[in-house]
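Both complexes below contain chain A, partnered by chain B and then by chain C.
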Partner chain A sequence: MIFRVFDKDELKKLFNVMVSANKVIGPVEIGRDRDNKPIYAFNEVKSFDSVRLDYTTTKLPAKRYFLPFKENLATFSLDADDWQKKVDYNIDRPFIFFGLHACDINALNKLDKVLLGSIYPMPYYAAKRENMFIIGLDCTPQPYCFCRSMGADTALHGFDMFITDVGDLYFVEILSDTAFNFLKNIKTAEPVEDDHIQYMKVVSEKNKKFTTHVDTTDLTKILDMEFQSDVWKQWGEQCLACGTCSKVCPTCYCYGVEETIDINLHGAKKTKFLYSCNLIDFAEVAGGHNFRPERHSRLKYRYYHKHRGFVEAYEESLCVGCGRCGEACLAGITVPEVIASVRGEAG
Partner chain B sequence: MNDPTPVRTYLGVPLYRPRVAFFEFSSCEGCQLQILNNEATLLDFLSLVEVVNFREAMKERSDDYEIALVEGSITRGDETGRLKKIREKAKVLVALGSCACFGGVNQLKNRFGLDWVKKEVYGDSPIETEYVRPLEDIVKVDLKIFGCPVKKEEVENIIINIAIGKAIVHPKYPICTECKANENICLFDLGEPCLGPITRGGCNSWCPNSRFGCWGCRGPAEDTNIEQMKKIMKEHGFSEDTILDRLECFGGFSSYAQELRKK
Partner chain C sequence: MDAELRFVNVISDAQMKQHRKSDLSTFEYTYKAEITNIHRLTEMENLYRIQIIDPEERRQFFFKPGQFLMLELPGIGEAPFSISSSPARHGDVELCIRKAGNLTNFLSRVGRGTHVGIRGPLGTSFPMEQMHGQNILLIAGGLGLAPLRSAIAYTQDNRSRFNSVDIIYGAKDPSQLLFTYLYDVWRADDIELSIIVDKPDTSWKGPTGLVTKIIEKMFAERDVSFYKNTYAIVCGPPVMFKFVCNMLNQKDIPMQKMFVSLERRMHCGMGKCCRCNVGSTYTCLKGPVFDYWTVMNLKEAI
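Up next, the complex of A and B:
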């Protein structure tokens, strides 16, 4: 592993080098909420000044750049009695992500396991993921963040470089030769012992700021034991079954496919759209039978996928603890509270 | 019914071109306007169906139709008779828009006494008016197309599906599903009320896309959690009147609204 430090002014130069030839996605402020707090999103950025390096959490994850909410899997052109299929992976050039937090990098690593690592990789995802360049950025834990409980508060891989603000300097961890070559464009230095000490101090201070925790000890077993627990029904009564939690989740990848025909009958489309296991017809099958007609059973299965099924398959949770679902849920359903209640620890 | 020559084929298969008639009862006729107001695809639309009756668009009239697209609510006795006649003639009767599906904005008068309503609107020259009813209160409705107004893309998709014989399926989920996919800022975050969490999707979150909270014109989604919605509105500082105003506006939530009013 290679480390470097550089003056804070240099970051703008690095950005300008990158943006001159690439599509750069970064955190920006898109508005203010009713309490005048900034609302952040990952948007394409052209100017360094619009990048909010101090952003907390974006409302929506970056997944729309590699798992769009809606995308055409194929388009068809239809003649009198013949047809042709065209497949487009819907990406013209790789993105640079300028400032992803560790949770969102870990989310990508988890998605890779499912969408790239399986027997049938998803080409639409792979095409967007290929050559994606990621700059990680350290963050300040927010009251809703529980990434540390999910082991997603630091990223071990899945980025090209990771930048940590250590006061007067940026401390950067380099994982790829592309990143190394990019950094040749700015003035960097080998970190000295003082920089290491400063880095460790920053990390240790960050760790003290986590206020929300989830006890994952034996969670797969406990979820099995409490499958019939009444707490699921209580959460189900609160649930709006609106699918917001899945939409704002950086790792929810379930989808539906729809085929439509253009009104001129000369074209057709096969469209994929991200769905949610909380929506009423998620488990409805041909013939009309619905395996999960009740809200609580659908809500429960979302937790079982994240915290049990995925753990058994990959030895890690599918939840990164970013807290977006709890923040976005109008009914106030949060992962830490749901898990605590299943564990019989609800206050 | 006669068998019109198919004008279109799909993958070499000739398509049946149904005879379609448009009708309106008490309404603004805006839903029909939506269909006409789609110049780019209007000719394609007309090639899939043979329109034989469409007062807003053409002079010719025929009573020989298979599909009746009916806009508006029923608010007078003569309308009831006319609707029943349409039902007798049509193989398929489609309720077009919120008025036809739920009574629409017109049904707002239902919570007042008819005498007061007549006096308020017509003063000393009252005319006959009844409580507003959706079409299905009087005749069997085969298909509902929701919205105030209906969304033209949705109507087109339905017509395409009818032409090629594909099932018509409405979204069962609420607007939030589409609103999040459109990457909108949640209106509750902006301090605005919105019925998106309980209203049926399919409009592609039309109003929230313009930062205008949902008023529920498409009626309830399936498995709507109205109790939670009430709590959320309260927590966000909106009065019971605010939620009632929205629930009552188009009639799709009338049973919930009536219950709320009783309390």
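Up next, the complex of A and C:
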């Protein structure tokens, strides 16, 4: 890995070089909540001053750029009994992501495992993923963050460069040749021993700031043993089955497919839309049988998929501990509390 | 340097033609096929004969009994169906489809010559080769005969490779019996066929009750040595296969020599949409065919 340091003023220059020829997505403030706290989102940014490098967590992940809520898998032209199918992966340019936190980068790394694996890789995702240039940015743990428990507080790969604020300077890890070349546009220097010390100090300060923890020891086994546990029923009573948790989750990818005929009857579309396993008809089949009719069985399934099934398949969980779902849930259901209760710990 | 990033096109035209599981283009690749015949089996079920139009693609289409495909009618929908025909027929398949919803009802109204799309074959299969030299029990309830029919066809095509072949088939009433035109052919191929209906009509001369009644009769007639060399495939609703498999297990047929096919909602068939998950197992990839031991160990399976 190559490390460099550069003056804080240089970052704007780097941004300007990038934005001069590319679409750049970055964290911006889009409003205030009722406590007058900023609401952040990943949007297209044209000027460096609108990028909020100090952002906490965006309400929605950057998912819409690589797993849009709705996209056409195919379009058809219809002609009597015949038709032609046209497949488009719905991307025509690269995007630069300026300032993703480690959790959101790790979310992409997890998605890659399912969506880019060797068994039926998904071209719609692959096409967008291949065209993402990612600049990571360090962050400050919030009260709801438990990424450290999930092993997602640092990103080891899945970015082009990762920037850490070490006081007077930015410390940057460079993973790709493209990133290395971009950095030639600004003044950077080889880090000296003092910079390393400063970097390590920043990291250890950050680690002290985590207040929420999840115990994942033996969690797959515990989930199996507690499959019939009453705690699921209690969470089910609380859950509104609204599906918000999946919508805001950077690692949720489940979907449904629908076909529609154009009004002029000459064309048709096959559309994919992200879905949530908490919605009532997720596992309902034709004829009306529903494999998970109760809210608690669906909520349990979501945890089961993330914290057991995915672990079994890839030796890591499908949750990065970003805390978005808990923050967005109107019923106040949070991952740390659910897992603690399943483990039999008083919540 | 030039600040503009290069756009990466993930699939070149050259790659578009391959269909390995690991190819990006496989995901949404559709074989264009034609409905060459529609055979009305009952009031609710039709048998569709569907042929991949391109002769080369048709020849290259290999599947195994128990596998399914995704059938698409552009603008109407796409859904999974078990292939009901002999694997020796390659891409000239038969699907036995019950009217159940949007797509299936629409299909019941289209005519010969309609073009449809096919993705697949998908999922696991009954391990027919493993069963060579053994007795086979093929047990179906209701529409379960659809996936079973492909296994039946395989035993017909390879009759010398199996000892006794039994089909035990139960339906609600005589009007719902599927594939009636084939019963004589099966018998001619030395397959023991027992049919039972739950609600007989006035013309019904066969036994009445559930498939378990036929199995009990079989238990009374055959000695223990029979079950030592026997595989079973059980297709039907979960309550049915659970009951039947547990009965067979009493005769010491190992659970790993019994196979069932699970049905779940599916929107991709390729391990991506998650709609088919049982516990955390993808029915479309690890199934739909499972041995009974595996099913017993799946959370949420029965």
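Operating definition for what follows: the second predicted complex is superposed on the first by the 341 of 347 C-alpha atoms of A that agree within 3 Å, B and C clash if a C-alpha of one lies under 4 Å from a C-alpha of the other, contacts with A are read in each partner's own complex, and residues count from 1 in each chain.
Methods note: contacts are C-beta pairs under 8 Å (C-beta built on N, C-alpha and C of every residue); 3 or more make two chains touch, one makes a residue touch a chain.
It should be emphasised that the depicted structure is a prediction, and the values quoted were computed from it without experimental measurement.
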First (chain B), second (chain C), both or neither touched by A:74: second
Partner chain(s) touched by A:22 [first = chain B, second = chain C, both, neither]: second
Which of chain B and chain C A:83 touches, first, second, both or neither: both
Which superposed partner A:264 touches (first chain B, second chain C, both, neither): first
First, second, both or neither for A:330, with chain B first and chain C second: first
Which superposed partner A:119 touches (first chain B, second chain C, both, neither): second
Which of chain B and chain C A:276 touches, first, second, both or neither: first
Chain A positions touched by chain B in one structure and by chain C in the second: 78, 81, 83, 260-261
Footprint of chain A on chain B - complex, ascending: 8-12, 15, 41, 44-45, 48, 156-157, 159-160, 164, 172-174, 176-177, 180-183, 185-186, 188-191, 196-198, 221-223, 225, 227-229, 231-232
Residue numbers on chain A that touch chain C, as the complex places them: 17-18, 20-22, 73-74, 76, 78, 81-83, 85, 87, 89, 92-94, 96, 114-115, 118-124, 126-127, 130-131, 133, 178, 181-182, 184-185, 224, 227, 253-262, 268-270, 275, 277, 282-287, 291-292, 297, 301, 304-305, 308-310, 312-313
Residues of chain A defined as touching chain B within the complex: 30-31, 33-34, 39, 41, 59-60, 64, 69-70, 78, 80-81, 83, 237-244, 247-248, 260-261, 263-265, 273-274, 276, 279-281, 293, 295, 328, 330-331
Contact footprint of chain A on chain C as seen in their complex: 1-11, 21-28, 30, 32, 72-79, 100-101, 104, 113-115, 117, 263-265, 267-268, 270-275, 277-281, 285, 299-300
